[in-house]
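Listed next: structures, encoded as structure tokens.
Two complexes follow with subunit A in common, the first pairing it with subunit B and the second with subunit C.
Up next is the complex of A and B:
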């Protein structure tokens, strides 16, 4: 009896120790750096952070980027998954092609788009060669922050829609054909089947994809840093800047904690409001 | 259950002790045994050289594989080159000096850092060391290396920030400005003339042709506090919100439409120059060196323009010092001797773009790109209206210092806020940094 009850604890021990050292310890350290000054509790670092010129725009930009990127990605991924869920010749190839950007890091993706859209990049050279424009179109620079924002969105959609797509396609393939066939027998058309059966059953996959993508969106950094530098400040970028350039570990910790807090909050909201519904349970 | 929890706790603690031992103990023990063994067991000495300079991987490889190999071949002394950050160096030296167990033989750092370490009394007075033969140190550098009457360090390398001009740009000089004015840095080569030139370049080519490294890791803030501020106000920080400063900011606002918009994403100007995106750029000598070595016929290095108060520019000076109680003082001096020889200094210039601190080295420069660079730097430092600025030493607050200028620039020039309002808002914070660090406001 005694031995059996010990086993589960022993099994989770390595994971627990790992978390303690690589998550717990840095977290405590971050809290310490953020809320103490000379060893005493203090809100000085917090004040320094919120008074920083870049803090609020970093917060705003991070949320704005997530708000623009994530819905587009999910919608796009659902459409693509529905299209590719049918059997047709070359389907595997199409799936491989779609998934390729998954192998590219955000920094690399940023560099690819930068070289494509910079004043003397492919796009501008092409436009000038065919005589459509006489001067390069600028996509980067403080004066063109809106354009920078959309290039970031484009780059992120290009690179990371694949992960959402994979999750949703997996979800689609889990849906039993029986439901759809039964619906067809009763005369439900494609849209009804999609609305009443496929999408509700896809909810768990969409939820996981949303959570994963939103959390990653909170950490968005490499691609922004490459394409826009600090023209479009984001939380992770500012945290990095404070740590590497300013050497203000306290403020950098607060940025990290803000990202963690936001992620936690969004995770809770998703789980609360997007609870998966199962048809069996409902009926 | 209680027993189980106790067991769990013991296991976690044991794991913690073992893991932390593995993580922090490793590096220290090897280096310590390394030095002590060599001093007692054999004749061979291994020097420990901490440096905040030459730390990027490529430069580090050059120091370890080329530079120090030459030294070891010559003297038989091994050198352990330890590239560190300024903060790490100060923390380690502080700890070693306090415990009296010094393991560092040589420190290499910028003037500001040396100044700080000297004020703490950690550095040895070098005036008693044997004379370094066959070299004359540049006067200004020699002067800076004596702090409070003590010869604290030996000038090692220097660098500065200059303007690079693509010869193409000379076709569009504004009226009243000649190529010679720009090359030699005469009285006519002013910031106003620069604005007229930038304007003419944009009007004639349809593109903004001036570039600054104003990206997140670019050194544009150095231009603000070390070049244009002194040129307009006579000081780097003292007159931060004065009417002269407001004139300066308004000037920058006027100039900015003629500056390439991608400037806020550029960290170094070599690439934009080579790609032909801009014809005139300002940057650190090391960061434009590539452009000049790749296309030496295309570019010239020229002094920066002058402002109403003179021609402000920064001289970055790195030195070599020996800590008090260093274990191998004589061998350390031999390393300093080797590193400041004209031949070694040329090697450093060729490889990493830091300039020699001894006069004899200039005679040994080969024709070509490096000469272009060196001539530009010399022309800048020998202008009669030179206002030399040193990067202030604020220790860990150095980042905050840069951030204040960066914020002022973003708010005033990029966002169009009122310069008088922004500078008066930021000034107390700026002055606070100096008061906190106990450094005179430059």
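Up next is the complex of A and C:
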């Protein structure tokens, strides 16, 4: 009897301990590196970080990128999921095409968009050949930071809208047809049905997609590094730069802690909104 | 305007939107693949939107001279190790959540969700110090251990929903006929859950294959493909390699994902359906 009640805990323990270690140890290590100097408590590293122009710029850019990318891609994914939830010819093919970016990494996506938008890239050659411009439009280079920002947004929307789309489509398919048919019988038109039935029932899917994407946006790195380097500094990129180029472990740790802090804040929102509605034991 | 034309117009509009979206996704891929094999002369000729001359030179240079092939090998090793370690740890936990009711279960589940949200990639920076001490720095095992931390919460959640989908009655029947709980798990539940587990393994593979931050920070000489490409392409401040190498790199990085998604396309949608149930 005693053994039986311990079994589920014993089964979970290894995974749980592993995760705790990989979150706990680095956290302690980061706090140590960030707030001590020669073994004594010190705010020297913090001062060094916040006095750097790149820190505030990185914080601002990371939040700005998330604020621009996430709402656009969630709205786009909802519209696309609603369109593709209908039965029509070629639906499977269209869904397949939309899901393709799901497995493309941000580095690859950055390189792909570079081939579209570089001075001798597809878009510029195309525009010049149909006579819309006579000179290539430059999207890259430190004097075009706003454009680089725009290209990063474009690349991220292209790549990671797929995951939001899949989550929302899955949510849509779980909505019972009975509600919609009942509403139709009582004369509700498409917009009413959408507003009163579909969107409220889709809320959990939208919320979880929203917050998952926001959290990942806090860690945005590869695509920025490929397309803009440090022209558009972001938190993860600066942490990477401090560690790999400057070898300043303390400052790099502070960048890690800032991202962790932002994520924790958003993670609390996530747990609060999503709760554990799934994964119930079927009894 | 009568109803019939209205309906036809609506239909045309609908298909136009779908078409535009599909082109928006597909065109960059086609262009990247095409330009990956374009000769230098064709690429720099402003009149050739679609190149006429092709070469495999840049892809080959990238693969064999600049080390992308080693990167591919390293990526496969890291991803395989990640699957093995995260499944050894994750399957018992997933099974436990799916099949037992015990005090504190909700808290544990919530903690796993919360840990999944924690940015493991970022925690890698402090991890470097530990790895140097443990002689794990610049090893593939080190990267795999960090990737496991990233993939494990996902494996636990997905395996538990797969196991929850296997009906309890089968296992109970097996136990009535004299199998132990472990025996019935091995003989009954595991085989029934296998397709779902395979899909989860594929997803874990892709997660590890695409991950660039952890791999870049933790390794220097044994880099996975994305980390290798990142260091060739961008250096420390961006924009180092000539354009045609970038296109070749885009091709090399994307091809395996395309092949993968072709095989896994059915599972990808259903899997997310399961996790969000």
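Quick notes on this structure:
Everything that follows uses one rule, which is that the second predicted complex is superposed on the first by the 262 of 283 C-alpha atoms of A that agree within 3 Å, B and C clash if a C-alpha of one lies under 4 Å from a C-alpha of the other, contacts with A are read in each partner's own complex, and residues count from 1 in each chain.
The working rule: a contact is a pair of C-beta atoms (placed from the backbone, for glycine too) under 8 Å apart; a residue touches a chain by one contact, two chains touch by 3 or more.
Note that the coordinates shown come from a computational prediction; the quantities given were computed from them, not determined experimentally.
After overlaying the two complexes on the shared chain, residue contacts for A:187 are found with neither subunit B nor subunit C. Of the two partner chains placed by superposition, only subunit C is touched by A:98; subunit B is not.
A simple residue count on subunit A separates subunit B from subunit C, and the partner touching more is C. Of the two partner chains placed around the shared chain by superposition, subunit C is the only one that A:208 touches, whereas subunit B remains out of contact. By the touch criterion stated above, A:39 is placed in contact with neither subunit B nor subunit C.
Contacts of A:138 after superposition on the shared chain: subunit B is touched, whereas subunit C is not. Within the superposed three-chain model, A:221 lies in touch with subunit C and out of touch with subunit B [touch as defined at top]. Of the two partner chains placed by superposition, subunit B and subunit C are both touched by A:229.
When the two complexes are superposed on chain A, the residues of subunit A that touch both subunit B and subunit C are 5, 9, 16, 20, 118, 120, 136, 140, 225, 227-231, 241, 245. Looking at the complex, you find that subunit A touches subunit C at residues 5, 7-9, 11-12, 14-16, 18-20, 22-23, 25-27, 29-30, 33, 80, 83-84, 88, 90, 94-108, 111-116, 118, 120-122, 125-126, 128-129, 136, 140, 158, 163, 166-167, 169-171, 173-174, 204-205, 208, 212, 215, 218-219, 221-222, 225-231, 236, 239-241, 243-245, 249, 252-253, 255-256, 259-260, 263-264, 266-267, 270-271, 274, 276, 278-283. Those residues of subunit B lying in contact with subunit A across their complex are 4, 8, 11-12, 15-16, 19, 87, 206-207, 215-217, 260-265, 267, 275-277, 396, 398-400, 402-403, 407, 410-411, 414.
Those residues of subunit C lying in contact with subunit A across their complex are 14-15, 17-18, 21-22, 24-29, 31-32, 35-36, 43-44, 46-49, 89-90, 92-93, 95-102, 105-106, 108-115, 117-130, 145-146, 148-149, 152-153, 156-157, 160-161, 164, 167-168, 206, 209-213, 216-217, 226, 229-230, 233-234, 236-239, 243, 246-247, 249-250, 253-254, 257-258, 260-261, 264-265, 268-270, 272-273, 275-277.
Contacts from subunit A toward subunit B in the complex involve residues 5-6, 9, 13, 16-17, 20-21, 53, 118-120, 134-136, 138, 140-144, 225, 227-231, 237, 241, 245-248.
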